[in-house]
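Common to both upcoming complexes is chain A, partnered first by chain B, then by chain C.
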Partner chain A sequence: MGRLSWRLAEVAEVRPETGRVATLALEVPGWDGHLPGQHLDVRLTAEDGYTAERAYSIASAPDGERVELAVERLDDGEVSPYLTEELRQGDQLELRGPVGGYFVWEPGRGGPLLLVAGGSGVVPLMAMLRHRAATGSQVPARLLYSSRSLDDVIFREELERLAEAGDGLTVTQALTRAQPPGWTGYARRIDAVMLEEVGWRPGERPLAYVCGPTRLVEAVAGQLVALGHDPARVRTERFGPTGVP
Partner chain B sequence: MDETDLRLDGNAVAGMLAELFGFEMTVAWGACANCGASNQLGALLVYAHGMGAVACCPSCGQHVARIARGEGRWWLDLRGLAWLQLDETARISG
Partner chain C sequence: MGGFVSRGFKGRRRPAAGQATRLPPGQYAEPGFPVLTAGPTPRIDLADWRLKIEGLVAKPREWTWEEIHELPGASFEGDIHCVTRWSKLGTSFAGVSVDTLLDAVEPRPEATHVVAFCYGGYTTNLPLDDVRGGKAWVVWEHEGTPLPPEHGGPARLLVPHLYFWKSAKWVAGLRLLDHDAPGFWEGLGYHNRGDPWREERYWGD
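Showing the complex of A and B:
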């Protein structure tokens, strides 16, 4: 059954990204690649047989049998505290995937790209940006990324490096709750004015991908359409109540 | 936190739908029996729970599908779906 069946992956590395988010690098024997934006399902089974399944977006670009997730710890979560705090290198994890085909991007789909993220919603967008860089794509891309504070910005240094590569990517940060001294980025939630300043004009027909907490995603998608963007070119992925920035 | 915060979309149930249909269903197109709007299933609004999920039309909010599973069975209520179009290229192969 291939991708549909559950299989075992081995944890190659657990790498903290922020105080609440960790990257899990997994080795998945027989993994035949994924599309940026896809996710996989993780299943944990307790000793009494109770199982819990969760979907996690893939953060890495396609790279052989190695797959990276970035998981945000939810304090009342059933699965994420185990994944982010107890899992160790060499442990095994049950998963299936990749799944999803709606919220995916490859260079062949063109652009320009407008990526809008709130909190851990940046994870599938990071897979797109990593793939874009790895393939040498010149598709113009703009990322607008909202976090609570600078310490909550996932992939901060890597995003700075990607933006400095001069290949047509700009990264704009909004910090909603706390800003460091001298902060020159946005200091409020994403709104229509910000989308107009950072995003493409509707006439440039960007492909927009919006991911994060449900309220943010629905607000941003509504604002983009109100600004005149084609609803058919605005794709959304709601993460629910997690990690509200 | 209210219903809005808990609302997901079709992407969240891609794994369950793939298990059920053997296709990558988020790229399948479906039409709402209530308002006629057609959307890819990834764009549907979804309320998921332990036993399954309820999917609603993003245009009018009507239920288009209810899916539940338990005790080795699946239950599907698709009264809200006028039609469903699956692309052969989205079949999940071995």
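Showing the complex of A and C:
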């Protein structure tokens, strides 16, 4: 495999997902495709030559030269405020990738799938679910997704549509801080009881992908192992305590 | 791609004067200590913990938790660099120098590389010269307190002059070889050596 070279992508669309998260749809000439779950590197360059680089998970299924990121704005961040607030359709963005060969899923890898997300950790899992739908995969899949409030749920409508397709996907939301009137779903952080209720039994040997803030990932991965799941089938991706992006 | 400028980008996290020369290309200073791992954190009972050195050595051996603490201690104070772009400047670790361990096992002259293997199955490969000569440690303390499990405790390898995925968490031992044998991330697109000052992040860099 050759060097991952920097490419100039063009911003086709900036689409708000929640108050803090925006999807950037990019056209990347020469993009060789990616596996759902992979990320790419973004490099910003100021006029004086100063650069800042960060990695972002790819949200879209493989689709030619079109690549979508979903970026959460971190108020004290350097790159995410630029991507979510400054960048406009028609702007150019320097990137290289795809990167990462472990936290990835394709239908051929089988299942059943247990996807567990906290906040913007849903982004690489969304790439898997979009790819699963696009390929007509029938691999049974369950997404357990924790957000602070309903307004913070990224891809909410699309997830509802995917779950209604009747192709073996269930989506379960947990709202940790605020719940709308009449909310009957989970109203607490993901815990072992929830994983037992929503997840697969260890004997069904699910492939688990867990992504989110370190505290959530550390807890969920530990609980899955304690419930009897094979640690080798639990893959994790973590965001740092101060937010790596 | 020279000359490209990101329209409207000013850069608001420029390194302070004292940091700039300590940051390898593409890195930024991170005051925290992010956690990055590919799977669940293994829980290792200290009574069962062992560190083994095997392969091309005259005297393969293993140390228990008590035995390794009886070796002359060593510490590191300096900077660490993660391939995901954060660097932590001015941090410290304590444990034992890999030199001390290698002296005890007597590497054979044909040994050129090591593979660090870990509880949980992780592996990473290094040229033997990158873990001797005062460049590598097995550490169990971070900034004066026991190394937390999510950061690799009970003990991790510390090779601070390379990207931090080479500093294998939950290290269980070193295997000395007469050839190179790519480890976990090295087989999944990451650079075989990982020198942050040469920005060796991925294959082909």
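One rule holds in what follows: the second predicted complex is superposed on the first by the 238 of 245 C-alpha atoms of A that agree within 3 Å, B and C clash if a C-alpha of one lies under 4 Å from a C-alpha of the other, contacts with A are read in each partner's own complex, and residues count from 1 in each chain.
Throughout what follows, a contact is a pair of C-beta atoms (placed from the backbone, for glycine too) under 8 Å apart; a residue touches a chain by one contact, two chains touch by 3 or more.
Everything numeric in this text was worked out from a predicted model, so none of it was measured.
Engineer: Check the residue A:Gln179 against both partner chains and state whether it touches chain B (first), chain C (second), both, or neither.
Structural biologist: Neither: A:Gln179 stays clear of chain B and chain C.
Engineer: Looking at the overlay, what does A:Tyr50 touch: chain B (first), chain C (second), both, or neither?
Structural biologist: Second partner only, chain C.
Engineer: Which partner chains sit in contact with A:Arg238 here, chain B, chain C, both or neither? Use first/second/both/neither.
Structural biologist: both
Engineer: If we overlay the two complexes on their shared chain A, which of chain B and chain C does A:Thr135 touch? Say first, second, both or neither.
Structural biologist: Neither partner.
Engineer: According to the contact criterion defined above, which of chain B and chain C contacts more residues of chain A?
Structural biologist: Answer, by number of touched residues of chain A: C.
Engineer: Taking the superposition as given, does A:Ser149 touch the first partner, chain B, the second, chain C, both, or neither?
Structural biologist: Neither partner.
Engineer: Report for A:Glu86: first if it touches chain B alone, second if chain C alone, otherwise both or neither.
Structural biologist: A:Glu86 sits against chain C, while chain B stays out of touch.
Engineer: Would you tell me the residues on chain A in contact with chain B in one complex that are also in contact with chain C in the other?
Structural biologist: Shared contact residues on chain A: 1-4, 53, 55, 99-103, 214, 218, 235-236, 238-241.
Engineer: Spell out the part of chain C that touches chain A in their complex, as residue ranges.
Structural biologist: Result: residues 1, 4-14, 26, 28, 30-43, 84-86, 120-121, 150, 184-185, 187-189, 202-205 of chain C touch chain A.
Engineer: Give every residue of chain B touching chain A within the complex, in rising order.
Structural biologist: Residue positions touching the partner: 1, 4-12, 14-15, 18-19, 22, 24, 26-27, 40-43, 90, 92-94.
Engineer: Give the list of chain A residues in touch with chain B in this complex.
Structural biologist: Answer in residue numbers: 1-4, 39-41, 53, 55, 96-97, 99-103, 213-215, 218, 235-241.
Engineer: Residues of chain A touching chain C in their complex?
Structural biologist: Touching chain C from chain A are residues 1-4, 6, 8, 43-47, 50-55, 77-78, 82, 86, 91-94, 99-103, 214, 218, 221-222, 224-225, 231-232, 234-236, 238-242, 244.
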